[in-house]
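Take a look at the structures below.
Each of the next two complexes has chain A plus one other chain: chain B in the first, chain C in the second.
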Partner chain A sequence: MLIFTLRRLNLFIFTFIVLTALSFSLSFLFPGDALTNLTGQVNATLEQRALLIEEYQYNSNIFKQYWAYLTHLFNGELGVSISSHLPISSEVINLLPATIELSVVALFIAMVIGIPIGFIAAVNHEKTIDNSILFISMLGYSIPIFWLGLLAVFVFSIQLGWLPSAGRLSLVYEIKPVTGIQFFDILLSKSEYKWQAFQDATLHIIMPACVVALAPMTIFIRLARTAMMEVLDSSYITAAKAKGLTFWQIIYRHAVRNALINVIRHIGLQFANLVTLAMVTEVIFSWPGIGRWLIESISQGDYTAIHGGLLALSSFIFIVHILTDFIYAALNPLARERKHGA
Partner chain B sequence: MARENIYQEEEFPSPLKQLWYNFKEKPMIMLAFGAFIALIVLAVFAPIITPFSSSQSHLDSILLPPAWNNNGDVSFLLGTDKLGRDMLSMLMHGATFTFGLSFIIVIISAIIGVLIGSLSALTSGFKSSFLNHFLDVILSIPSLLLAIVIVAVLGTGLSNTVLAIIIVLIPQFIHVTRNEVKKEFTKDYVLASKLDGASSLRILRYSIFPNIIEKIITQSTLAQSAAILDIAALGFLGLGAPTYIPEWGAMLSNGIDLFYIAPWTVYFPGLAILFAVISTNLVGEGLRHALKQRKEH
Partner chain C sequence: MKAKYMSLNTIKYLLITAFISLLTLGCSNENTTSLSTKSVIYCSEGSPESFNPQTVISGVTVDATSHQLYNRLITYSGDNNEVSPSLAKSWHITRDGKKITFYLRKDVEFHHTSYFTPSRKLNADDVIFSFNRVLNNEHEYHDISGGLYPFFQSIQFNSLVKNIEKINEYTVRFTLNRADSSFLANLATDFSVILSEEYAQHLSKLNSQQQIDRLPIGTGPFKYKEYRPGSFIRYLAHENYWQRKINIEQLIFDITPSNTGRLTKLLAKECDVVAYPIAHKKIIERPDLSLNAITSYNVGYLGFNTTKPPFNNKLVRKAISYAINKEAIIDAIYFGKAEIAHSIIPSTSWAYDPTIPKHEYSLSKAINTLNQAGYPNGFIMNIWAMPIQKAYNPDALTMAKLIKSDLMKIGITVNIFHNYEWSTFLKLIADGEHHAVLLGWAANHPDPDDFFTHLLSCSAATQGNRGTFWCNKQYDSLISQSLQTTNLNKRKKYYASALKIIEEEVPLVPIAHSKRFQGRSQNISGQLLKPFGGLNFEEVNKN
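Entry: the complex of A and B
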């Protein structure tokens, strides 16, 4: 496990360097002055600018500049937004939890619905059920997410009026943000309308989360189906059959557990996909997350915001990536002992 | 002794032919393949066969519903949008932009990606490991997010969207090609040509490439469905095609404010995207299935 951890750490450091180098080079690639793009100080006076040049080592070579940039990054200074003049780091801290909340709920929905369906398809391999599940999952995978979101708003909010169409929580409830995750905040608050607020937040998250979850769900169906089919082909299942276990005993005690491990391995990769979908969905449902903010800042030419948003989102994805790797290694001893390139 | 077989020669289909025989067995897949070909034809000939120009606005018939509606007009089969443009013509022109461009994008990025990928498979040691890690980082950033950032660097617009998606797709092709070439290099037939004294480049060109081309085509269909969705998503977000270009995603975002009054301006572009993506995915699925079957025989 130690060697595994060290190897992961190595990968993490490398990724971090590449990612920061990429985002650092963005400031040169964006139109306009590189220092302004990095700090967001558009209307800086000459003295302020001289100070910034000193701070960011702007007259030294590129490596010193990069180092100065890294130091600023570690101190949590990402500059100020060009359009709103608020510090980027505080904006990111305000917005990222909403995106995390949405994507985690969506991931949960996708897994809870997708994996069992995939198992059902695998058990009924090459029967009508299997084929129809595969076809429906193909359909779900192909639907453009923004269209699906619009249709969902049209049907469930406008025509049926069941679910609210935008935002995270009705403005009636006053909840003080503590953790940023809405559900925790509501539970922590001392409001007497706590439960109403909790219900309202749940109603708000159902539709966007389901829209985000659809495409990953179809992928989970496929992953679970393949994993289950592989497991059912293996010889320990034959051995279990020979022992005389019933079908459900075999499925529940042997097959499901081993198949789940293989599915968990892919969660990290799917998560990147899921966050992309969440970004587009945030625009449609006016969800106050980082994706909507990022897309808005592109049309405003707010380069510090784009830079900060990219960094925040990709490090978030990467952390999830590494976490799932660890969970997978903890669950599956085979993954820990692979030799090179694990 | 009488021969049961009338024909003297037994036919051994070439691998490509065998793939085709396996591919065409499923009617569903053939239907999708037909739709795929039809979309390509439409993308090429749209300007000739559309009833109206996509930018011509008919001011006396604004927001006309589709022809099967009571208020519809049969000369505008799928209705008109808020500027009086014919929906059917716009959708047909849109095939050129959304579907045709995605096709070109995939071809360009496949060529570049396969070239880099196969050359990088020949390297080993530090360079190889560096490239591997670098690709991992790039692939862990969501493709749409990367495309959005590239569009932010280059500026919005259709040509920059195309460029951004090409750049985003290249690493995927590098990854697939690299893995496949590495896998083939360990096989015996490569060793045989190595013993014959063939150089690595020659092995790559004459021994390995014919064996991995189908995998690359399969990856291309995956990449194309992603490219269609990305072009449309960027158009929808207002970062891709400008609103006067009848790109399906941009058309969809045009229709949003009138969704309640004129839902067909949102339904049809979405259905068009869905149709294009499904037929591409089904063709890819059929290819994968046929490849698997050929391998099992």
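Entry: the complex of A and C
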């Protein structure tokens, strides 16, 4: 386990260096002055600029500049946004929880629906049910998410009027952000209307989360199906059959659990996909998350926000990867023994 | 290994049960009435720049602040928008019209908020503070927020008001340099709000004067709670509002700049009221939504350069007036979102006189009049179409094309000039390069003088930016006489005579008064739109 942890730590450090080097080089690749792109200080006076040059070592060689940049990063300084003049770090801290909330709920929906359907398909291998599940999952995977989002708004908000079309919570409710995760904040708040707010927040998250969940769900279906089929082919299942266990006992006691392990391994990989989908969905549903903010920053040419936001998002995805690796290792001792790769 | 499985599964089950129980718990708590029935959400089109309408002129800011947070000394009310009491319960004007004394109400409370608790009610000091801030360049608060008071500068308030004095706690007297009956109308506009002097003193002590326009304190029906630029404004009902009990608890401005976004939110019931809706048909079709419209105090017109022949001949101008099919223009350019203009002022103004003959669309009359004028074979003219969009003229170029085809029928050939930058365009118009020009005027306040003086007086003619260069001594004396009296019946008579002169002389052809629209849910009641200036949510109710 120690070696496993050290390997992951090693990987983390190297990936982090590559990430920061890339984001550092972005400030030179963007149009305009590199120092302005990095700090977001557009209208700095001469003295302020001299101070910034000193701080970021802009008269020294590129390695010292990079080191100065890293030092600022570790102090949580990502510069200020060119358009709103707010510090990027505070913007990220305010916006990232909304994206995490959306992604986690979507992941939950994708797993809770996708995995059982995949198992059903595997159990009914090469029957009509299996084929139709595969067909539908292929269809679901191919649907462009921006189109699906708009269609969902049209049907469920405009035509049926069941679900709200935009935002995270009706503006009617006043919830103080404490953790940034809205559901926790609502539960922590002392408002007499917190149960109404909770219901409202639930209604708000259903549609965007389902839209985000669709594509990963189809992937989970196929992963779960393959994993289950592998397990059902294995010899211990045959042994269990020979012992006279009923079909459902075999599935529940042996097959499901062992198949799940293989699916969990892929959750980390799916998370990156999920966050990308969430970014597009946030724009459609006006979800106040980091994806919408990043896309707005791109259209406003807010370079500080772009590279700060990208860095924050990619480190977040990377941390999730490593975490799922650990969860997988904790659940599956075989993985810990493996010396190379994950 | 097995134990770990179990724990994972147990966690999952726990999560699911917790989630479901939370939802059901929410349902069991239904006895407290839902907060959303006590809140009104208005989807507005933009973020306000300030919370003090004295300092700005933009419609978004006025909508968001003026009638929600503040009151004025006097206000407009009734169908004809006549001046009536508000914070001042009555007023007295001396015979020469130069001294105006206001008697204030004694029961007006300011907002109690988290950032300021007033210790007294409204009195004369507040009124004097509010106006001295604008008038006195030396005033401590004059230059806070930039020192610009665009509305007051446009009406030359500084040169009109000599001084303001406190007679006693609840009496204030304005002394004017000259009599001006539009003075009262100006005091009743969205911009002439009354601030709290006590709050200003409090801020001076804290040395944070600039807060006065950011964290507002007023006497209006709602008080400030929270504002996030680009996102929302939250107002709470002012529980001690002097005029009436406010029916709702919260008023929220959901800032939604996108037209389709506002429409979606209205259709999905996320907004109770939306500003400037699109897809009017869709809104009318839905039984649970309604569309309100109000004719704004503006006019889009075709102005003639009355110094250039043949337009110095009033018969030619009249002929063109008969030849323009205004109804077709309203349908094509305003998509029906406008009212046909028969005179320069809208029919909702008290100065409007329905007995004055209207120039109906009639080709035969047009041809006859043109023959009388001595142009049986027509002539060639140019029309300059304004190059920008305004509410009173959303598409001047197409309007010019429609007029061109109308005039073709009576033998007049039209060339259209359009491709100029707006300021160059105005300069060329002021130089008199044109024969006729499509322009418009939007009023700042409902006093009809705003139209009569700015559009057609001799002083407007010499400035030249209205495009007519029309100066009629009789008309001028009528409108200045009307400004010198405060007797409404007399003023009506003067303006009726002035309108009659316009009808005979046709210095311009009024085309349309555009309308302002608002979409709302059926369960929202109360008159929110005003024909001029901002919204007012005071009477709003939700059931």
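Convention: the second predicted complex is superposed on the first by the 340 of 342 C-alpha atoms of A that agree within 3 Å, B and C clash if a C-alpha of one lies under 4 Å from a C-alpha of the other, contacts with A are read in each partner's own complex, and residues count from 1 in each chain.
Simple rule for what comes next: a contact is a pair of C-beta atoms (placed from the backbone, for glycine too) under 8 Å apart; a residue touches a chain by one contact, two chains touch by 3 or more.
Since the model is a prediction, treat every value here as computed from it, not as a measurement.
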| item | value |
| --- | --- |
| Chain C versus chain B on the shared chain A, clash or fit after superposition | fit |
| Contacts of A:Gln199 with chain B and chain C, given as first, second, both or neither | second |
| Which superposed partner A:Ile158 touches (first chain B, second chain C, both, neither) | both |
| Which superposed partner A:Phe30 touches (first chain B, second chain C, both, neither) | first |
| Touching partner for A:Tyr58 - first (chain B), second (chain C), both, neither | neither |
| First (chain B), second (chain C), both or neither touched by A:Phe4 | neither |
| Touching partner for A:Ala330 - first (chain B), second (chain C), both, neither | second |
| Which superposed partner A:Ser286 touches (first chain B, second chain C, both, neither) | second |
| Of chain B and chain C, the chain that contacts the larger number of chain A residues | B |
| Which of chain B and chain C A:Leu19 touches, first, second, both or neither | first |
| Smallest distance from any CA atom of chain C to any CA atom of chain B, in Å, after fitting | 5 |
| Intersection of the chain A residues that touch chain B with those that touch chain C | 158 |
| Complex interface listing, chain B residues touching chain A | 133-134, 136-137, 140-145, 148-149, 151-153, 155-156, 225, 229, 232-233, 236-239, 249, 252, 256, 259-260, 263, 266, 269-270, 273-274, 277-278, 281-282, 285 |
| Chain C contact footprint on chain A (complex, rising order) | 153, 157-158, 161, 163-167, 170-174, 192-193, 195-200, 202, 257, 286, 288, 330-331, 333 |
| Contact footprint of chain B on chain A as seen in their complex | 11, 14-15, 18-19, 26, 29-31, 138-139, 141-147, 150-151, 154, 158, 272-273, 275-276, 279-280, 283, 294-295, 298-299, 303, 306, 310, 313-314, 317-318, 321 |
| Chain C to chain A touching residues, read off their complex | 1, 4-5, 8, 22-23, 25-27, 29, 32, 34-36, 39, 41, 225-226, 231-232, 234, 250, 252, 254, 261, 264-265, 267-270 |
